[in-house]
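In the two complexes that follow, subunit A is the common piece, with subunit B as its partner first and subunit C second.
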Partner chain A sequence: MREVIAFRSCSKSFGKRSILSDVSFSIAQGEIVFVLGRSGMGKSVTLKHIIGVMKPDSGSVEVLGKNLAALDGRGLSDLRRKCGMVFQQPALLDSLTVFENVSFGLRSPEFVQSRRDAGLKPLSESEIRARVLEVLGLVRLGTEILDKRPPQISYGMQKRVSLARTLAPGPEILLFDEPTTGLDPITTQSVNQLVRELSRKLRVTAVVVSHDMHCALQIADQILVLDDAKILAKGSVDEIKQSQEPLLIEFLSEALENLREVEPA
Partner chain B sequence: MSSVLREMGSLALFFKTVIHASLQKDRSQGGRARLIREQIAEVYSRSFWTVVFSGVFVGAILALQFNAMLVDYQATSLMGGITASACIREVGPLIISFLLAGKIGAYTAAELGTMRVTEQIDAIECLGTNSIEYLVVPRFIAIVSSAVLLLVVGLLVSLGGSMIIGSLASGVNPLQFLASIPRFAGLGVFGAGMLKSLAYGFIVAGVSCHQGYTASGGARGVGRAVTWAAIYTNLYIVLANFFLGQLIEGFSILTEGLF
Partner chain C sequence: MIRIQSAGKQFDSNWVFENVDLQVRTGGSAAIVGPSGSGKTVLLKMIAGLLTPDRGEVRVDTHDIGMLFQRNALFDSITVIENLLFPLRERKQIIGTPARELARQYLEWVGLGHVLDHMPEQLSGGMQKRLGIARALVLAPTVVLYDDPTAGLDPVTSRKIADLIRDLQSKAESASGKKTTYIAVTNDIHRAYQLGDQLYLLAQGQLIQGGTPIQVRESRHPSIRQFVRGLQEGPLQ
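Moving on to the complex of A and B:
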């Protein structure tokens, strides 16, 4: 499978503190990869490197075959448009309705320009509406919330609207920054299922930054564990389960306990 | 002291970014004109009546203060001109900009700060929209233009307030009151007041947008942004008042007799 994200000997420090030290890994197209680790171990920094918000002190990051260090502002904007980011919080604009929020990316100058560059016209209002309804359907939301503002719907619904907004411009890579933090177990389960379903249905690559091994065991294709600025472990769910690393064993015992509670024999 | 200098440097860079974005071709969703209209409506709905209410009392207070002196010199007929001059040149722009800092500056810092800490600004950027163009430029233009227009409103009502007090406290005829205004408050004084209002509008808009846009650290971060927006705005306005006063004084000496 095509390699869509590659970190090659990346190092990043903030002052004297090393966050990433000679980190190398790659992610293939269509994979769901969980980046796990304790707080402050460089998970979000990894995500920020993928969308080009941060640059490594040494080494290189390649996304969709392009070295981010070689891209100018326009190239970076173009690349970011292909990477949909789902934030820890829903991050919906309170002053806009659900419809306006979901259609926001479809009306953005970058999206309009990208269509013009491809020789296409900007989407018409009816096409925008159809696309909004399509992505809301993908996250299992109906039309009854279209005219509501974010504070008028539940937090779980806001998370789904946020996901729909990210999906609307058709990204090739989905980046999730701790998508289930602060959610109750049922909503967490449904968000996890959505991540898996959408990744499979839309054939997009998903990178999920989390500290939740329990979620990772349920939906990940690959798990990457960061600790002390290095990759502690990388592999499939089965490979990670068999790891003898003390930190992983601690992570795993807690997660497997939770898994047994959720799925009683 | 170093933190104030660092803040000033950061604000200067922010000003540069916002002014550069303001001069770019409009690419905002829904059009920049609509966004600016919405923000102007927001500014007016939040501050119009406060400006009117306080303007009346500012004029009344000035009239009472001047009345005590003018009665001694039997010069109450000059009350209109002296009150108008003080109002337009100094008190009006200062009081109105302080009011704007409290009402609009704090609101803007809190609104943008909340959008920053809840990742709304990051989301806007990730969806291919320049957040400075979409969020900051309309607010900036709306606050600056409203500051000047609100000053005109404030001055008119403060003159009304001082005219009423002048009439009640020392029996100054309203026509006599109005007739004395051009003697003390000519085009030069009016221009100085406008220039100060414009400068203070820039300060209120720039500082509040900057503090909100760069907020970090959750609810406490938003609280800090609002507090510092108020502190820095008032500090910069007082500093600007001193330097603009000197500049205008120097300019008026150079152009004496021209206006």
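Moving on to the complex of A and C:
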């Protein structure tokens, strides 16, 4: 399996506080990886390293075969276009319709330039429309909401629209920042299933930063648990379930209980 | 005692809920769960007297109500302890050493005794939540309303906060000799199990009584069952 993200002995401190200390891991193409940990334990910092917004104090980060430290501004922005970021809040533009929100990235100068670089013409209006419908279909939304504005649709739908917007330019890596934090159990499940569906269908790599062990146990190929600047545990769902680390046992207890209730044997 | 009878609230002629009944006995606790947008905060604000019902009746047998807001609503420009001294001075005219001692006691209860002179922004999310709780309790209210007290916190911290809320209910009672009653709203079912003697589900304009945590876990009520298990199929959309 091709390696798409690799952290090699990365360390990062803010002042005296060490956030990542000699952290190494790698993620293969198409994998769903959950990065779990308590608040303030470096989860978001890890995401920011992947898109090159932060640089490690030592060690290196490689994404899609490129060492980020060696990239110039143009190279970094090329790379970021291949990484689709899904924020905790839907972060839609309320004054635009759903169609305008989802098509926004397809009209951006960067996207147009990237097509030129690949020897392609900018998308025509009808191609843009077709692409918007395609990605809305992927998140299971129909054409009836195209002309609605975000405040007119439910929060769960807004999350889907936001995901569709991220998918529109065709990213190779999807980065989710706490996609289910603060959601009720029903919406949580639907978002989690969607992450799995999309990753499988589109064969994109998904990195999910989350507190939600329950979701991780349901869909992760690999789980990383960060604590005190180190990787406390790393492995498949089955390996994590067997862990004897006290913090992991605490993280796991309610999640395992949940799993028993949700999926009765 | 908190008693709500046939209460309804509407915004722009849309009913958030139309006919809600709820009774919480003095000294008891209730946890209300429900999807976002179902009106949990609206219900809480109605009990607090911050919103008036458009129909029905809300009766609370005290004016001493404390509230923890979803975003804590701390005063950012004053220190941790001053966040408690302020309401003590403004609402109860308690000042000087007695106020400091009282504030310090509450902050120690919530585990913030070591950061009295920090600014709120220097605290982690969990610590800010603790400060919000201390401020909600410092005037010794007999009814406390917690709006999503563990929102956005990691599971370990959020479980500790819920334990703290239960613990403070008995501490406050032994300190003042008065029974306190609280209602917590949350959309985390595990927190609801921890926090409520009685659990309720607010969804689609209805408040459904689910019973004790054990009864809720095994409930056959279609909406409650769907919510607890996060099922995609069911009456809740």
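In the analysis below, the second predicted complex is superposed on the first by the 263 of 265 C-alpha atoms of A that agree within 3 Å, B and C clash if a C-alpha of one lies under 4 Å from a C-alpha of the other, contacts with A are read in each partner's own complex, and residues count from 1 in each chain.
Going forward, contacts are C-beta pairs under 8 Å (C-beta built on N, C-alpha and C of every residue); 3 or more make two chains touch, one makes a residue touch a chain.
Treat the numbers as computed from the prediction; the structure is a model and nothing was measured.
K.L.:
Quick check for you: in the superposed arrangement, does A:P169 touch first (subunit B), second (subunit C), both or neither?
P.N.:
A:P169 sits against subunit B, while subunit C stays out of touch.
K.L.:
Under the stated touch criterion, which partner chain does A:A130 make contact with: subunit B (first), subunit C (second), both, or neither?
P.N.:
neither
K.L.:
With both complexes superposed on chain A, which partner does A:L93 reach: first (subunit B), second (subunit C), both or neither?
P.N.:
In the superposition, A:L93 touches subunit B alone.
K.L.:
Can A:R38 be said to touch subunit B (first), subunit C (second), both, or neither?
P.N.:
Second partner only, subunit C.
K.L.:
Is A:I186 touching anything from subunit B or subunit C once the two structures are fitted on A? First, second, both or neither.
P.N.:
A:I186 contacts subunit C only, not subunit B.
K.L.:
Which partner chains sit in contact with A:S108 here, subunit B, subunit C, both or neither? Use first/second/both/neither.
P.N.:
After superposing on A, A:S108 lies in contact with subunit B but is clear of subunit C.
K.L.:
Contact-wise, after the overlay, does A:Y155 reach subunit B, subunit C, both or neither (first, second, both, neither)?
P.N.:
A:Y155: touches subunit C, not subunit B.
K.L.:
Find the residues of subunit A that appear in the contact set with subunit B and again in the contact set with subunit C.
P.N.:
Looking at subunit A, the two contact sets are disjoint.
K.L.:
Could you pull out which subunit A residues touch subunit C in their complex?
P.N.:
37-40, 154-155, 181-190, 193, 211, 213, 247, 250-251, 254, 258, 261-262
K.L.:
Quick check: in the complex, which residue numbers of subunit B touch subunit A?
P.N.:
27, 29-30, 115, 118-120, 122-130
K.L.:
Under the definition above, what is the set of subunit C residues touching subunit A in their complex?
P.N.:
33-37, 124-126, 151-157, 159, 187, 189-190, 217, 226-232, 236
K.L.:
Using the touch rule from the top, collect the residues of subunit A that touch subunit B in their complex.
P.N.:
Within the complex, subunit A contacts subunit B at residues 51, 77, 80-81, 83-85, 87-89, 91-94, 104-105, 107-111, 162, 165-166, 169.
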